[in-house]
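Note that subunit A is present in both complexes that follow, paired respectively with subunit B and with subunit C.
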Partner chain A sequence: MGLSIDLDLFPLIAALLAAISCGLLGNFLVLRRLSLMGDAISHSVLPGLVIAFVLTASRSPLAMFTGALAAGVSTVLLVELVKRLGRVEPGAAMGVVFSVLFALGVLLLEVSDTSGVDLDAECVLHGQLETLVWYGAPQTWGELWQQGSLSAVPQQVWTLLLMLVLAAGFVGAMFKELRIAAFDPALSTTLGFSATGLHLALMVFVAGATVASFEAVGSILVIAMLICPAATARLLTDRLASQLIVSVLVAIASCVLGYIAASAVPAWFGLDSVNAAGSMAVMAGAVLTLAVFASPRHGVIARRWRLHAMGRSIARDDLLASLYRAAEAMTELPPRAHDSVRGSLVREGLIDDATDSLTAAGKAEAQRVIRRHRLWESYLADQVGLAPDHVHETAERLEHLRLAPTGEPPTDPHGKPIPPEPPA
Partner chain B sequence: MTPPSTHLPRAQPLSVRPEHSDTSPLSIHAMTVAYHRKPVLWDVDYDAPPNRLIAIVGPNGAGKSTLIKACLGLIPPASGQVEFWGHSYKKARSRIGYVPQRESVDWDFPVSALDVVCMGRYRMLGWCRPVTRAHKAAAMECLDRVGMAPLAKRQISQLSGGQQQRVFLARALAQEADLYFMDEPFAGVDAATERAIVEVLRELRSSGKTVLTVHHDLQTVEQYFDDVILLNMRVVASGPVAEVFTQENLQRTYGGRLTLLAAASEAIARAESGEGLGK
Partner chain C sequence: MAEAFEVLTLQGGYNTTVVVLGTAMLGLAAGVVGVFALLRKRSLMADALSHAALPGVAGAFLAASALDMTGRTLPVLLIGATVTGVLGVLSIQWLVRATRLREDAAIGIVLSVFFGAGIVLLSYIQKNAPEGAAGLSHFIYGQTAAMSAADAKLMAVLATLSVVAAGLLLKEFTLVCFNDTFAAVDGWPVSLIDLLMMALVVVVTVAGLQAVGLIMVVAMLIIPPVAARFWTDRAAVLIALSGAIGALSGYLGASASAVLPDAPAGSVIVLTAGTIFAISSLAAPKRGVIASTYRHLNLRLRIAGDHVLEKAFAHKAQDGGQLGAPELAAVARHQGWPAWFAVVIRWSLRGRGLARANKGGGVEVLASGLARGATVRRNHRLWEQYLVSYADIAPSHVDWSVDQVEHVLSEPLITELESLLRARGIAVPGAAVDGASA
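What follows is the complex of A and B.
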């Protein structure tokens, strides 16, 4: 891997810290269907930055951070206000607020004298990950630990570390409260855990994480990390605690893979490296896409496969049952030469290919299906009270469940014998 | 009992008024609730008798859920007072249980049935304390009481509607409250769940609890409940089922949907939107 300490260490650490904070908090945004909030906050920091710059006439980190945080918190409050007074859905409220605030920021930039100052819409969107170069860094990874100097660590990394500790502390301490407020806000409020209060607290942390992150990594990566890892984890887990862990792992993986893709991969082809934050965001999207298709339970492929398997199982049951019925009535089976499952039943030794009839094993299997069908028919007629000529259609579907009513009626409502359960 | 014609100052507790008693688990006095300034409940006066199963019955839009939410402080009433055993909601909170409508939550949420029931214990745990093993065991017992113990580890999206409703009921049991508000626990459940819920309601009554339940099925009111509140934007009638649940009262509750009050609130809404008063 062609990574070097002086160029790569701090950008990678900064991106990881930002991604983990955002990924962790993003879980609650995704669960509350407020994913757009990250988008809203990260765009509306621009006017906050410009106003802070105009007021203090400096680009000191503290002034910038305060301005951006104030803008982030006002976004949250404005969204609530627009939602209530305008009676619009949350998505519309967020969309209105952030687009207007971002536009306001662009206007303020144009009218105020910020020429010669490194402050523009570009840097808000893309961040300045590549500027976190460690001058005079040790040249090998082994020397890193011997040097032991913390003074070289840039201020952005410390800010992000502090933010991560705060965000993790908040989620860890308030896990149960955040969970109930997201799942059932009404009950949460009646129990004394104000859902509105918890929502606002969460939003302040989202605003903090967004503001702490965007200078180093840019809004695009912040937005991607607030949504993609949580959405991916949502597809892979069905408990909130495991979802949080998986989302953090996905955030880490997206960063590392994205960084390698941005710096190392273009180098193999003799090209210049590309924007690392952008590459990480793309990677987070790619991981989400992968999960959409390949998740074991909720993924498209797994769902398709389960449908396919169910379809085959039903077709098998139907073919075996029709062969059983034909043998029972001693009639010829209507020709179904191209039946999709016949081949596999022949290979499994359930159907004799030459005579087109059931083998001993096939007969036992078919007997189970017929038994379930006729037990369901008599249940529907006797217990549910359906007319005997109405039970077949429903039983035709119920017979495929590996479940049958109890009881031993000798015949079904049509007078056909109910075969005994064959030995396993 | 005639409702008071004058409104007393808000600060005075209900318990000192002759028409309200502090032994009643729930006293509502002159409560009016409005959504977006359009009144949905008018001047509700009600005292719940202790240790009874009480049905809240009325047509759609009668304000049944609103009544519950206003009692629980989820919707601020425009005027009026609510007291529980003579205390404010904040003081009585730990003695009050709530089962919201099943549709009000996202059943795809990543929690198990047991996790949901444990939420009923959060009040006892307090802020920032994780759920302990003892509370989990208590929650498990509540799941068992509604016949759901074998499905405790299931994610809630993998439960049927009736099973989800039973999880909600188990969560209410886990609250160990003395007064319960249940918003349509019988809506869209299977026969087995309906029987399980009725059984739990009766258990609650025999252990001295009071339950107010929003109920839609008029056929079963007499069979399941002791008292009834007939509601249509105001309390049409309330009291023991045998006395109050009459054809005449039902006619007054359900018949003629556009009552004078509904017409008045329409007019208010029109006036609010700037169309002026009168036609």
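What follows is the complex of A and C.
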């Protein structure tokens, strides 16, 4: 496949670790309609980084992390403040806070003398996955197991691993509470788990994951991984536990596919590799698009198909019922175009093509529809109290449900006999 | 100082003047257009739109290079930006309509995926056609200080366009922003009007992108309308104010960055807008934090004072309006006030001339205070009676809600309550001048 240990191992591991932490935490953001918090936080960590650098005059990881985390948490608090005190709509509140903080960061960056270090807005946004090269790495995967030593692992990978362990621990330990708070914050608070407190804790973790990730993988991948895998999983499942698992799998798949697309695919055409973080974001989008269309329950195709199937089944019921009524009243139906619904009923032996009338099997099927229709009519007239001339339209819809009210009235409100249930 | 004055009066040299006027014009255009985004709750749509423009810029550059055109011709790049930007906005709307995902997730998805694609293309250009990459990254970070006269003219055109469009279509825009269902029922072409508003946002965003960069466009679309919203509840005033705030931020910010060494113009402009936002959110007369906190505290004090006065009125027969420290403490305990709050109430009652300090560390409630106490007691019983007889609340359940309401009943409401109760033949609580009846 063309992946090599020295160039590709650590970038891929770093991206995977970041993606899994973000993917896990993102589930709760998406459910609580806070997807864009990651976006806001990742923009506004910049001033925190610069201030930490100016204060400590070093680029030590701890200082950077503390500064960025402080900035991330203040973003969350500021957004809440603007939202509550100013009664500003949440999206606008986020927009105000993160754009001002980002501008502050850029200004501080220019004014303070940080030009000597590699700290710029570009690195924050795009990430530097490609720089995690393992110099002197073993050349084959077999050698890796023999002589790979932990000391070669870059510090960013350790940070990300720690973050993943913390995030997974948080989600695992607080799963029950997070679930209640995500779906019903008021219930959670009345049960004694402050929804606001959980929200803040979650935000601290999001800020932490953002900060731990951005240096290695860039904020664009963080934003993509906070939202896309969780959104994809939400389209694929209705249970939170399985949603968490699916989102992690999607995050992993997006990373691996994106990395291959960024480094291996261009190599086949003799081109240089492109930005891996961006490519992973695109892959996350591609996986999501696939889920939007092909999800078995919530997908566009499945929903279209269900709608189509329901339309056909209603058309069948209606055609059978109209033939039954015509036979009952001993009139001829006006000739109608032979459509595909009639065609399939003829093939199933429910309609006799030559005489354009119901066969025995067709009559039984039609009888069921008519029975349901007239049972609903009498129910609506007797129990609901609608006027007899108002019940037909509603019964016309309800007859297509495969259920009918109980009771055995002999006739419907119009005096027509209610046929018995035909033998199966 | 002299330099600052020169810049502000547009005498700070040709380039500076161009930048100051150009950003002021962009601020005006974005401020006006941003109001519609805010009112339609689409502030972050502008964010997604500007991120989604990036792959278009890079793609247009690649396409133009492949066709042997000079890749950096601005119109081509702008067309590319518009195409993917609009595609991004349409994707958001489609995702919200066709799936169970909410708008915030849809915006985040489009923003990150499109921007990711843009970064991929940019990194490709950087490695394979490095001469073009520098020009393209301006679309992200902007280059406000290097704005050309042509850019400034474009901004002026945009500003005129936005102001004219907002002026001519004010009624339609406002209608759709506040009640699109009613607008549709009333026969207005809602989607067309909506599209027009979105188109204005797109045009301003795309044109602003290459001049001042991504974050600043987003900031200028979002911050001025939110800041202006604090000052007014009328759409026309809001649009005018927002435009003015945008223009002022551009003008002051660009001027400040011209004077200050090293300060990037884009950031200073955003921070100026942010400062105006902060001032507005604090100091606006009706919706500002200071004013609403003041009102809130005032109400809280008045209500708390009412409780004390009511108590004094109830005990009038025994001690003629004298409340000792133990009685005050009892009220405080009953209401759950901390000790210091009781002190504040005493002070506030004295300040309002309703009571004065007495020897026992309590208060002596004066005649005016006792009258207020009587009114409160009567309101309490009026509302209680109303809840029992009209709202069908069990008598044992009324007290709690009554305690909240008795302080805020207005004169017309009291008259209405009285007539409602009389209409049912229920005894209206008397004017309760004598405390014994309580």
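Here is the rule we go by: the second predicted complex is superposed on the first by the 420 of 424 C-alpha atoms of A that agree within 3 Å, B and C clash if a C-alpha of one lies under 4 Å from a C-alpha of the other, contacts with A are read in each partner's own complex, and residues count from 1 in each chain.
As a working rule, a residue touches a chain if its C-beta (ideal position, glycine included) is under 8 Å from a C-beta of that chain, and two chains touch if they have at least 3 such contacts.
These figures come from a predicted structure and were not determined experimentally.
In this superposed model built on subunit A, subunit B and subunit C take up the same space, so to speak, and clash.
When the two complexes are overlaid on their common chain A, residue A:159 makes contact with neither subunit B nor subunit C.
When the two structures are aligned on the shared chain, A:378 is found in touch with neither subunit B nor subunit C. In the superposed model, A:284 lies in contact with subunit C only, and not with subunit B.
In the superposition on chain A, A:173 makes contact with subunit B only, not with subunit C. Of the two partner chains, neither subunit B nor subunit C is touched by A:74. When both complexes are overlaid on chain A, the residue A:213 reaches neither subunit B nor subunit C. When the two complexes are overlaid on their common chain A, residue A:237 makes contact with subunit B while staying clear of subunit C.
Of the two partners subunit B and subunit C, more subunit A residues are in touch with C. In the superposed pair of complexes, A:44 makes contact with neither subunit B nor subunit C.
Superposing on chain A, the segment of subunit C with clashing C-alpha atoms against subunit B, chosen from 4-12, 220-228 or 400-408, turns out to be 400-408.
Overlap of the subunit B and subunit C contact sets on subunit A: residues 87, 234. Here subunit A touches subunit B in the complex through residues 31, 87, 173-177, 179-180, 182-184, 186-187, 189-193, 234, 237-240, 242-243, going by the rule given at the top.
The residues of subunit C lying in touch with subunit A in their complex are 38, 41-44, 46-47, 95, 98-102, 104-105, 107-109, 111-124, 127-128, 137, 140-141, 215-216, 218-219, 222-223, 225-226, 229-230, 262-264, 266-271, 273-274, 277, 281, 287, 289, 292.
Here subunit B touches subunit A in the complex through residues 36, 69, 72-74, 93, 96, 98, 100, 104-106, 109-112, 115-116, 119, 122-123, 125, 127-131, 155, 157, 171, going by the rule given at the top. The residues of subunit A lying in touch with subunit C in their complex are 30, 33-36, 38-39, 43, 82, 85-89, 91-96, 99-100, 102-104, 106-107, 110-111, 121-122, 125-126, 220-221, 223-224, 226-228, 230-231, 234-235, 262, 266, 271-272, 274-275, 277-282, 284-285, 288, 292, 298, 300.
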